[in-house]
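Naming follows writing order (A, B and C), and every chain is counted from residue 1.
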Amino acid sequence: MLTLLLPLLAFADPYKVVIQVSDNDPAKWNLALNNARNLQADLGQKNVEIEIVAYGPGIGMLKSESVVGNRIDEALKSGVKVVACENTMRGQKLVKDDMLPGIDYVGAGVVEIMQKQQQGWAYLRP
Amino acid sequence: MLTLLLPLLAFADPYKVVIQVSDNDPAKWNLALNNARNLQADLGQKNVEIEIVAYGPGIGMLKSESVVGNRIDEALKSGVKVVACENTMRGQKLVKDDMLPGIDYVGAGVVEIMQKQQQGWAYLRP
Amino acid sequence: MLTLLLPLLAFADPYKVVIQVSDNDPAKWNLALNNARNLQADLGQKNVEIEIVAYGPGIGMLKSESVVGNRIDEALKSGVKVVACENTMRGQKLVKDDMLPGIDYVGAGVVEIMQKQQQGWAYLRP
């Protein structure tokens, strides 16, 4: 659908993809980070806008003691936006001081994921 | 993409999101229901149209004896549409009398999910 | 959104859906293959274009010794495109001779999934 319009639009903007992390599973956290790295490696860092949204059981990925803390730091430095869901944090009595530095926050992770899609972002659920 | 058009369209329709449940895992069922509730809380019930589609190993969420039966009932009352996949039901020898009251049915859950996306609905796979 | 345009466009192209396989779990592989089969059965084989993308921990689905090898063969014969991620293969020291016959290859599975979505394909993550 919209195949006639797409060739005109494809070069107007970088690719955009929102990556969901909602599992309490470090293997999934690493897979999400690998996905982000591969997107940047393949397309060029400046040609793809990536946002990782952690919510629900996935929030542990962004806690201070996260086993992937170093990789989150690398992702942030490479231009990936990483956001935590404040609804989830409230439910788990987490405050910003409990979380990794440099990340961003959204009121509701699911709203963020839905809105990004409706703004034309691709959706990736590793 | 379509960024010029979106501001014009964003207020024409409520947000729309189809939520997939395909795991035989009550934790995932609760997460899907939390996601629906958070979308309504954040955006206002009348501003977001939500459909939960259960298929494959996720069909147990909608059986009469489902551990989330009460929550499905609340979701239905709040305006969430909840649908079961008849392909899956046939495969598991389930009939409508085996299922929770108030839900809807579609011939194939995956077709429903695909069509909703191609009609502009966002997709959420908790 | 775009509801006025969709009726005009819906008959111009077949439905298109990209199915992601990223779990090392034969139950998920079978579910993905069931999903493809149900889409074809419900819509008619020539009315839906299906591509299955295996990457990360899902790559085992497409190795020569895969427990779903016969079903992949049937899917290919029915017109489903099945692709393996070369990034993942490199990481696991796999070469094409280690893989099932008849499949296709892409440099990066996640790039393929993202691009398909941005070309208007629906996304299914079983």
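Assume contacts are C-beta pairs under 8 Å (C-beta built on N, C-alpha and C of every residue); 3 or more make two chains touch, one makes a residue touch a chain.
Everything numeric here is computed off the predicted structure, so don't read it as measured data.
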Chain C against chain B, contact positions shared by both copies (same if over half, else different): different
Copy-to-copy rotation for chain A and chain B - C-alpha atoms, rounded to a multiple of 5°: 120
For chain B paired with chain C, centre-to-centre distance based on mean C-alpha positions, whole Å: 23
Residues within chain A bordering two or more other chains: 1, 6, 10, 118, 120, 123, 125
Residues of chain A that touch chain C when the two form their complex: 1-3, 6, 10, 15, 17, 27, 31, 34-35, 38-39, 41-43, 48, 118, 120, 122-126
Partner chain C, residues of chain B touching it in the complex: 1, 6, 9-10, 12-13, 20, 22, 56-57, 87, 107-108, 110-111, 113-115, 117-120, 123, 125
